[in-house]
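Multiple structures follow.
Each of the next two complexes has chain A plus one other chain: chain B in the first, chain C in the second.
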Partner chain A sequence: MSRLKTALGGYAGYQGREGHLAFLLHRVTGLGTVLFLTIHIVDTALVYFRPELYMDAVALYRSTLFGIGEVFLVFCVFYHGINGLRIAAFDLFLKKNWQIQTARSSVRWTLGLTLLLWLPATVIMVRNLLIHNFGLFGG
Partner chain B sequence: MSAVNLEKRRSFDQIAWNAMRYSGVLLIFLAFGHVLLQDVIVGVHRIDLDYVAMRWANWGWRMYDLFLLAFAFAHGMNGVRQVLSDFVHQERHMRAVNVALLVVWLVVTLMGAAAIFGGVRPVQ
Partner chain C sequence: MQVHLKVFRFNPEIDRKPRYDRFDVQAEPTERVLDLLEMVKNYNDGTLAFRRSCAHGVCGSDAMRINGRNALACKVLLKDLNTDQVTVEPLLGMRVIKDLIVDMEPFFAHYRSVMPYLVNDEPLPEDGKERLQSPQEQERFEDTTKCILCAACTTSCPSFWASENYVGPAAIVNAHRFIYDSRDRAGAKRLAVLNQRMGVWACRTAFNCSEACPRDIQITRAIAEVKEALNR
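The block that comes next holds the complex of A and B.
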């Protein structure tokens, strides 16, 4: 138990500014994505194993609660992907960019690019939700 | 632990370290494409059995989904392994974690692959 406290305390107490934020977000978004991915593989496999149950799973995903969750899921995928690309590029080809100032500014670019992709996607997904679940915009 | 084992484990972790980066770059195309198409452009309200059947009528999309399944889930499971290795410090506990994750990875991947190859079955 003390090890758990040590690790979590390190996560919370480390003062690494942008790099720290990027690390924490990468973990949280990765874990969120893999949790949903596991469920999603199983529910999609229903089309073969139990097709009569597939629409029950889809009905759940069409609910407002899951619709909001979907917006966060898309953020997770976009952030994890763009930040992962940054990590891969620096680790494999541009090691000198781990130098602290470049690394910090690259985190800000990552967050900016994530928002640039995520916000339009969110507008479309929220609009779909309002059309189908609340009868707005002629739904 | 013998030096041979240490050497072996280091080389597996090196392979995993590289695999996370290369599969990650590949997943930018596969996963972003999947999310943009299914969540944003099509939307969950237009997805049903007929939609999946129509999509999988094209073997190109089945291969796309197979690659996405294989790379995304392996990448994710190894990520979970990495996170857990921050919290689990005893060798034998970590071995149990590895075995459990390997089983989950194998079972879920095979389920997904069976559905992709088997396709949509008619409702009885």
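The block that comes next holds the complex of A and C.
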């Protein structure tokens, strides 16, 4: 148990640089995606086990809270996927470039690319949320 | 300059839990964190415990967390910290013996596990002298010969924080030094030790080790090269 405390203390307190941040985000986004996937498997299974509850589950996905959660889910998937490909590419093909400078800049590129893909998706998703949940834009 | 120094203190024989002591120290920007500790020990509190030997970045005794980041106290100049607030804490993930001194034994146990010495039982060359090696062959492992076993890398690693069973970057670096040595014959044994969940595969490429190394060894690259050796 105290080892877990050491690890969490290090994650949060160690003044690491880009690589440390990339590692933390990869773990958090990976776990976040797992959490979502678990919920999603459970609610989809309702169709089979408790069909009368399925529509309630679908309604839950239309709630504002879930809408906002999905915006973060999209970030998680983009970041985790792109960063995972970054790690795999360096480990498999670019070993010689696993050096401090290239590692730092590759993390910045990964974050930039993630935002580039995430922001348009966010605009669309937030707009949908405003239309359907708040009656804006003539919704 | 006036430095506000915050030092982790813990004596397991007396204290129930750790605390931080504060000292205001007068120092030059070109002085090192180690100098601050020496001043405190000499003039403020003789019970402060820390390790140092060479004081010049060669012996590897005084690795510690300085403002949250691993480094040798004898190599960090105050002006490079860009602040007058300096916090020193022991290396993370090791048992504290007293104040800034940690128990290095688990670290050295991992080091020994990779057989960090040349193994070659073949007969000596005809002339009975040294086993020759070309400059190119030496270049192959030059970078990983620089390790001074200070533990700054291993104790900056998230995988090591989570499990002290992780062999750690320092042991991998020292395995690399012999795996890629053309004169050595025990590469397969070392690779067997490292080809485990708590061997090289626990590396998450967080780069804290490479960033922390006071000898600028490209540690993450060395780990990738050991993985490459495993895939051959």
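Heads up, the rule we're going with is that the second predicted complex is superposed on the first by the 138 of 139 C-alpha atoms of A that agree within 3 Å, B and C clash if a C-alpha of one lies under 4 Å from a C-alpha of the other, contacts with A are read in each partner's own complex, and residues count from 1 in each chain.
Criterion: contacts are C-beta pairs under 8 Å (C-beta built on N, C-alpha and C of every residue); 3 or more make two chains touch, one makes a residue touch a chain.
Predicted model only: the values in this text are computed from it and were never measured.
Q: Which chain makes contact with more of the residues of chain A, chain B or else chain C?
A: B
Q: Classify the contacts of A:E70 with the two partner chains as first (chain B alone), second (chain C alone), both, or neither.
A: After superposing on A, A:E70 lies in contact with chain B but is clear of chain C.
Q: Tell me which partner A:L31 touches in the superposition: chain B (first), chain C (second), both or neither.
A: first
Q: Under the stated touch criterion, which partner chain does A:G16 make contact with: chain B (first), chain C (second), both, or neither?
A: A:G16 sits against chain C, while chain B stays out of touch.
Q: With the two complexes superposed on chain A, say which partner A:I100 touches: chain B (first), chain C (second), both, or neither.
A: In the superposed model, A:I100 contacts chain C only, not chain B.
Q: Check whether A:D91 is in contact with chain B, with chain C, with both or with neither, and answer first, second, both or neither.
A: both
Q: Would you check which partner chain A:V47 touches, where first means chain B only, second means chain C only, and both and neither mean what they say?
A: A:V47 contacts chain B only, not chain C.
Q: Go through chain A and flag every residue that touches chain B in one model and chain C in the other.
A: 3-4, 7, 27, 87, 91
Q: Using the touch definition from the top, list the residues of chain B that touch chain A in their complex.
A: Where chain B meets chain A, its residues are 21-22, 24-25, 27-28, 31-32, 35-36, 39-40, 43-45, 47-49, 52-53, 69, 72-73, 76-77, 79-80, 83, 86-87, 89, 104, 108-109, 111-112, 114-115, 118-124.
Q: Under the stated contact criterion, what part of chain C meets chain A in this complex?
A: Those residues of chain C that touch chain A are 65, 67-69, 92-93, 156, 158, 161-164, 204-208, 210-211, 218, 220-221, 223-225, 227-228.
Q: In the complex of these two chains, what residues of chain A are touching chain C?
A: It comes out as residues 3-4, 6-7, 9-11, 13-20, 22-23, 26-27, 87, 90-91, 95-96, 98-100, 103-104.
Q: Enumerate the contact residues on chain A facing chain B in the complex.
A: 3-4, 7, 27, 30-31, 33-34, 37-38, 41-42, 44-49, 51-52, 54-55, 58, 61-62, 67, 70, 73-74, 77-78, 81, 84-85, 87-88, 91-92, 121, 124-125, 128, 131-132
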